[in-house]
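In the part that follows, the structures are each spelled out as structure tokens.
Okay, so chain A shows up in both of these, paired with chain B first and chain C after.
After this line comes the complex of A and B, so read on.
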């Protein structure tokens, strides 16, 4: 076995590794290099990058993006946790298959349509306003797509399932008897969750949170469709720099900043909760 | 066992949860059938098919659809072999090197799409390759190949190593082992990853937006995006309804196929 496996590996790797390295790491690796070169060698990139600290408008956008992404992640966790919990506990396996099909439909429908759905609902002449007027809750149309409200609603909806699925798969492996034992021993509802279920699902919770945070912070569609000019997302800033101002240097520098934020979040979460990288991507 | 009331609460919560997930899609689709100037369902003005006809006659939509499909096929053709190869390499390694390579290979999955798009654009611009749909393919491959790798890797883990050994002991060449043992075992994962790659590519927006170049080469998602931003008509809802229906059809068939294959 010790001979055959490396042999197969050798055959495999002899003609294959240059391909994945070329394809997968190529753009990213050179990206970092190219960026640093631009970043350091061209004064343009450096100056404007320095300005983002002096003139804090972009820094502010950056921080609000991070804060709102954390907020969105928290909401999704609060809504998604009970959903995953009840999915594991109250649905019989035979019904689960059907339930899963229905559940995965919004996930397969693309991100743009999910945010467009809310664009339709929240739009000024849309169904929500009409319905609320009819019921008598409000007197005239409300502009929902204003400030960060629309973005938060959209992000929560769009990325909900990215939290529910990891939670569900981690809860599935929990032995029902453990919960019953805890309850029999007199643990309260709250205590059962906190001491038994949450520790068990930690990898699921962490991976869900990391996924949702990254997706929300990196989302470009949702903020563009459901946001307004006074609620810029950091990705929108990057997009404006790249495609409208055609300032690729700054755009690159900003995306590098953004990438390091993401890396930092993942590493910090993994370190704080002692979860391995392979757990997150499962 | 669980108390009855608890199960009831659970079902109620899940029903609300499903409603929350599905209702927006229903509203969006329903709006395309409403004879109203705005995409809405509530003041119901009667059934109409004019938005579908408008969509049918929109040549830009057809071009975008064609572009999307071409890109998606390109992505599948590149990402599936690359990702599979990467999975082989990873599974044959161990120790620190494996961890490092694994981290490097799955990084694109976690990295934001906008960053991947920009990096692809910059990298190829350095080599003086102009932006366009071919870059969109390359950019999308960089993270979709990682998804493929994860799928294949999961399947590869369940492959019994003694099967390979047996084959080799019986005089099979390595190529034969690959052909008759490894690939048949991987077949479901390969099909699934091709499907995932296709759909991921179809719905990709972030990477495509940055790499597509001129506005004549928009894909379906970019088209929808530009339509929504500049004066939306319910024909977009019509398109959405079609996409949702197709998605529903495909996921259901896929799930049914999987179920029937589980029960021999």
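After this line comes the complex of A and C, so read on.
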């Protein structure tokens, strides 16, 4: 009830115009699609895949958010898969408890603090730059919080475990003999993964990817703290509309648009990778 | 089972194996002073063994005796701590499982559940980058060989236990291995299917000419299928011989007791002459064959239940006085339990037709056995001490 009612109110208000207080419920307060149309107004130049086209500014922010979220999901998958594999195959059950605690302890600290920690680490005169200069990897400080770099680093860190745990649980259910059978029949390391382990872990991979993608795209804290002046996340746009412009009606419309478009992206990706909904549940 | 003409040329390597005298040992496996330790646990101790090409060789032993370790060392999943393994005369040290000419059939089969039957069978060929159309054709041929025509496009989960067994065999044969390693693959099947698959495995082995190394703890399986059987216990080879030899002339008490039922008389060796020894025990003096070296005085006489006869009169020397107690019906024969005055239990196998003529359990009877069919071995008890 506490979840559904506000959402219904949100849907309702998204179809009403943003009016001064004394005009609410007045003659101009009628249902309209104007709030949704605003999403497609104000075109600006947008360079994407080497083409320069005019795209409405908010659509442009939305597309960048989705693209960077996919990018973050891909990075997390690339790091998380070997990590989960290592956890299943190498770590003995007695050490597993310790390993799990080490992994989950950072989760006990609030997301704000963790993002601030990264803010400190990545700052221009911060410890990361100092360390890299000390060991001679770089000669002068690097501005890490630039463009979307900070956001990507922050999101990868924050949502890594949402990929590792589903992957780990699906890998654990794989019969070890299957891996050995593949090798016995001549499969190389790489082909064993590609033909046997990855297909088996598909449900884990899919649910991890969906979770990480939705969380990254919907993240507000990380982009706010680790974003630079020239990075924009769609959630920040909604926040500006609602809390700074106090235009709750357009904010509501954008939230709904964001939710449905992100869902659409997930469905489209699942279709593209031939994943069925039932693959996730079993 | 039908063997179509094209399924014969599935095994060109096997045919060349027997036809080409230059390379007679392609499928041979030699283990030389092999040891394998896991931490302080000694799974295999200084084991030497030669398995000939084209042989159906069984390794028989109780669970935990190290037989699976041997298999895993041959297939390349474990490296021996010491010693040399040769397959086809070639030292396989440093070769991983995917580079060895062996195929392993797992106890749980380990078929790939997300692939179709034909993809399972053709997996090895796919790994060797054989084109898809050829893979499909070969999978069909192999499925014909194992009598599973028409199952190509089914999923593994749609097959019965026996059918999965055949898919596993076809999958292992697809890579044309010189050596097939089978890790108790029949243990999950019910008795009837198990007996059927035994015959099937044996006939596939005969037709392909591939060396089969079969691991089991089921002595009847080993005896029924093998050219030679190796009996193992606690990481050591106790005896390697053809099945009848293992059964009729075991080299130790463990082998005698592990392979088939047997009666034991522990006693003192009083004399040996002309290959026969006499044992003295509380039951009297009895004579039996001595074909393995016996040292010391403490010996045991073994005689199989089917070599013991029951009669009301004492006949000859090898007789034991007892009373019959229980009869257990075993289908084609019956096992009769006889107990001596000392409480020593003997098992006697009799024909079912004789059951009616057996003496009642109130009268004393005599158990007889032929000295040719009983054998004397060193007592196990003494072996344990030394």
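Just so we're on the same page, the second predicted complex is superposed on the first by the 199 of 282 C-alpha atoms of A that agree within 3 Å, B and C clash if a C-alpha of one lies under 4 Å from a C-alpha of the other, contacts with A are read in each partner's own complex, and residues count from 1 in each chain.
Here, a residue touches a chain if its C-beta (ideal position, glycine included) is under 8 Å from a C-beta of that chain, and two chains touch if they have at least 3 such contacts.
Since this is a predicted model, take the numbers as computed values, not measurements.
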item: Touching partner for A:117 - first (chain B), second (chain C), both, neither; value: first
item: Chain B versus chain C as contact partner of A:240, first or second or both or neither; value: neither
item: First, second, both or neither for A:184, with chain B first and chain C second; value: second
item: Which partner, chain B or chain C, touches more chain A residues; value: B
item: First, second, both or neither for A:196, with chain B first and chain C second; value: second
item: First (chain B), second (chain C), both or neither touched by A:87; value: first
item: First, second, both or neither for A:175, with chain B first and chain C second; value: second
item: Intersection of the chain A residues that touch chain B with those that touch chain C; value: 180
item: For the chain A and chain B complex, residues of the former touching the latter; value: 1, 4-9, 11-13, 16-17, 19-20, 23-28, 30-32, 34-35, 79, 82-83, 85-87, 89-91, 97, 99-106, 108-114, 116-121, 123, 125-127, 130-131, 134, 157, 160-161, 180, 210, 214, 217-218, 220-221, 224-225, 235, 238-239, 242-243, 248, 251-252, 255, 258-259, 262, 266, 277-278, 280-282
item: For the chain B and chain A complex, residues of the former touching the latter; value: 1-2, 6-7, 9-11, 13-14, 17-18, 20-22, 24-25, 27-28, 31, 38-43, 78, 81-83, 85-86, 88-89, 92-93, 99, 102-116, 118-126, 138-139, 141-142, 145-146, 150, 161, 164-165, 168, 174, 177, 199, 202-203, 205-206, 209-210, 221, 224-225, 228-229, 232, 236-237, 240, 243-244, 247-248, 250-252, 255, 259
item: Residue numbers on chain A that touch chain C, as the complex places them; value: 175, 177-178, 180-188, 191, 195-196, 199-200
item: Touching residues on chain C, where the partner in the complex is chain A; value: 75-77, 96-99, 102-104, 106-108, 110-112, 114, 123-124, 126-128, 171-172, 174-175
